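Note that subunit A is present in both complexes that follow, paired respectively with subunit B and with subunit C.
And then the complex of A and B:
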């Protein structure tokens, strides 16, 4: 049982790092970035290409992926989402166009990675890092799992507290509630939007590197599967609540692990998403979302 | 200004007529250059179309098939196999992993009267969608991969890939021979080929050979992390694990299985071919799997094919390339056998060659109806390449 809980925590930590970036951009600057999965994948792919030429240790590989993720997300904001938001007549049409724009942006890195790899799995074989297996109190884990859990929970709680207590966090939350009023109060929306997207992209890159280390390899399409899960996590936790994202990630991972532990692997998606559906029937705003549709 | 209704109708009708005339004249131009594919005899140019994934999730299968086919065409043309100056030509169209694109491209391809035959989609769902279309248009179509039911369903559909289940007995026999009696099965239950082996053919074969299936663990195509199921399997400590998973899933499951402390035999599938286990590093070493082709085959045809492929593409061929190559030679033999490159002639020829069978790079090829069967070969991944374990011309 304890081993299953540990497995769920490890899986939840990966989901959390991935979903945090998406939730951050969605709940503050109002960008539901459907290119987040492609950013995740292409960051890992960039690190894969680099490790094919240079043998790097794990921290360096992670750094490459984080930098690539931040760069991709910044470019996405500057070249796609920024112009869309400037030209949109109202917030609702901007959201819809960003959603479609994100799908379009996602197609580019996906096509490049598929072309280069012929859709075969890729990993960090060139890295000098080798996962070590150890046991603590009868629980078997790898050094990769340890890094993922520490990074996931640490970053999750860090982002949550930063958003709740810092001045920049307050400014971001103000944009989430009413961007026009926030601007009148002196909040520089464009700069904060760029910074938020870069942070979200860096988190996607971090998730890409950590998950690739954990799984051994991912495929170009792996980001799409995570995107659906992240979407479910944010909705389950409640849009605008970073604490909700943390809980949502571990609830989803816990449900999946439980179904797999019961040897009912074909029911994983049905049970996990059914559970989310049931929660939303009882609490349409999600576990920690506010009743009124407002971003924190 | 509002246009009267009848004028709008007339305009629309005129536009439709112009489009139709343009389409007919364009098709006429093509015909003049390449010959009408319904005429009997062998023209100087026999036009083929490859409608398969060159991008998308299973691009590796389409790219491999196309490369194998191109190599075969080069050999057929160079050797004058179909007569002096007779050339096979092929144009590849990318279905990009989409059923809708495959369907639209096949509709265009079958409507083109200059196309003699088609090398069809490699993805099962795409192939099953276009198979009825092929019969309606009466264009002989050879599929590679596309292991689903509903693909080889009429006189015009042919498949140059043997179902994995038809040679998976090599794996079962190996496990029985080595006394690896307790077996756990980890399989992707939402992938038809693996579900069929995991739930159907392997349990039957295991029963026949006295193997005991300790556990059978289904997962989905969306499963990315295998920590939980492999921990359970490692706890059972079976003599062998039969792993029926897709490429990225295999790398992950294998890595996590070894990290969970399992050091027994892992039996995979041909999906592990083509170097897909490289990413698993040392965890992939020693995995054995049955496949329809391996560059490790020592028969003369296979060796020549590997050398020619390596020279042309700078890498060893995978199973997809071998299937594309043998599929193209099946087509060439069919044209020669029937003495006609017309669509009907090719269909007749493919059926005739299927009745007789022939030697290909995958070994002695036989057929069940329009569906290929291969002897199969069992190989071991040593960390860098495949080694022959049994079967094949070893």
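And then the complex of A and C:
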């Protein structure tokens, strides 16, 4: 039982790091980045390619993935989302075109990775990192799980508090509420958008490296699944609430681990899909979302 | 010609079924409903047709009819359930619906064949049947794109508040698009499966949603012609250009992203806009002698738009 809880916490931490990036960009600058899953996958893939040539220790591998993620997200913003936001006439059409642009961008890294690996899972076998297994009170722990949980919860709480208390966090939330008024108050929207996208991409890269260390290998197609799970997490927590993302990530991980522990492995994916559906029907603003958040 | 037809028969047939799939997403989108329920109904239709043929020995026509009706009913019920949602939330709820279908059929036991799917559901279909179905569908959709009905659909998309102020029952139009997209999805799914004779849970995936959306965005979302143009591009391009076949998905990704940025109306929209600009320019140069009075578009608009 305790082992299952530990597994759920580790899984939830990875979900949290990934979903935080998506929620950050979506709730502040209004970009639901459908390439977030592909960014996650391709960062881990970049680190995989690097470790094939150079034997790197774990922190360096993570750093490569984080840098790759930030770079991909920045490029996506500069080449696709930025031009769309400048050209779109109204909010609704911009939203639709950003969604579609994200889907288009996501196809490119996925195709490249699938071609290079022939769709086979890839890992960090070239890294010098060896997971240490130890037992605490009868629980099997690895150093990987420890790193993941500490990083996940640390970053989760860090982003949450930063957004709530710092000046830049205030500026970002102001854009999320009313971007025109915010820019009249001296908020530089496009620079902040670029910074937010880079941060979100870095978080996706971190999640990619952590999950690959945890599982040993990930498949190129795993980005799409994670994207939908992250959407479920954000919807459950409530758009605009970072605390909600933290709760949502662990609830989803707990529910999935529970389904798995009941030996109903084929139903695991239905948890996130069902969650999206149920939350949108019963409580569209999510657990912690503000009532007045626009749903269009 | 005959040789060419027989060597490309698979492509021709998949053009027609893919067209129906694309239309099942385009119809709601044209009314401003961002729903992918049609793709879920593609899966439902495919499975119903396969189950009907394999387990109950239905005839081809009955299986397809049943699949279309089931798709329509399920999509309409879904529409009733989630009619409160709009925009991205509606899109994701319908994506979740589509993906739940694939989890359901994995766990369907003997009825759906589990993860391996169903085999041996070969229907008596030929290109003529497909063409006939596609022609009927396109004719019916043309009717909804022209005249008063077309203008009402456009109003529901562009400004729901205005539309409902003018006496259009917006909610009814939205629910209707769900039903139509379900029927089209059911048709597309059942005919695809009966041509291929197999269906597996992997056939209903996120990639299918992306494909349908891609076709419409690149082709154009305002008319069935756009869906046809997009379908032809994406079904035939890998065949026509060998180098594209190698980097197929990269080319698709670049095309979709470029279309989202530069061609919000798709290829068809760009052509129509270009033609209109050309016509206007020609008319301006033709009937603007130096002392002619300026044209009065306001008066013309009042007369023509009653």
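Heads up, the rule we're going with is that the second predicted complex is superposed on the first by the 281 of 296 C-alpha atoms of A that agree within 3 Å, B and C clash if a C-alpha of one lies under 4 Å from a C-alpha of the other, contacts with A are read in each partner's own complex, and residues count from 1 in each chain.
The rule is simple: a contact is a pair of C-beta atoms (placed from the backbone, for glycine too) under 8 Å apart; a residue touches a chain by one contact, two chains touch by 3 or more.
All figures in this text were calculated on a predicted structure; none of them were measured in a lab.
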| message | Let's test your reading of the overlay: on subunit A, do subunit B and subunit C clash or fit side by side? | response | clash
| message | For A:231, using the defined touch cut-off, is the partner it touches subunit B, subunit C, both, or neither? Pick first, second, both or neither. | response | second
| message | Taking the superposition on A as described, I'd like to know which of subunit B and subunit C A:114 touches: first, second, both or neither. | response | both
| query | Is A:218 touching the first partner subunit B, the second partner subunit C, both, or neither of them? | reply | first
| query | Which holds for A:105: it touches subunit B only (first), subunit C only (second), both, or neither? | reply | second
| query | What is the contact status of A:161 with respect to subunit B (first) and subunit C (second): first, second, both, or neither? | reply | neither
| remark: Running into subunit C, out of the candidates 55-63, 127-135, 163-171 or 379-387 in subunit B, is stretch 127-135
| said: Give me the intersection of subunit A's contacts with subunit B and its contacts with subunit C, in residue numbers. | reply: 111, 114-115, 266, 269
| said: Using the touch definition from the top, list the residues of subunit C that touch subunit A in their complex. | reply: 34, 81-82, 84-89, 91-93, 95-97, 99-100, 103-104, 106-107, 115, 206, 210, 213-214, 217, 247-250, 252-261, 264
| request: Could you please specify the touching residues of subunit B with respect to subunit A in the complex? | output: 55-60, 63, 189-190, 215, 217-220, 222-225, 227-229, 231-232, 247-248, 251-252, 254-256, 259-261, 274, 276, 278-281, 283
| Tell me, which parts of subunit A touch subunit B in their complex? | 3-4, 7, 10-11, 14, 111, 114-115, 118-123, 125, 131, 133, 140, 142, 145, 211, 214-222, 225-226, 257, 260-261, 263-266, 268-269
| task | Flag every residue of subunit A that touches subunit C in the complex, lowest number first. | result | 32, 79-80, 83-84, 87-88, 92-93, 95-101, 103-108, 110-112, 114-115, 224, 228, 231-232, 235, 266-267, 269-270, 272-274, 276-277, 280-281, 284, 295-296
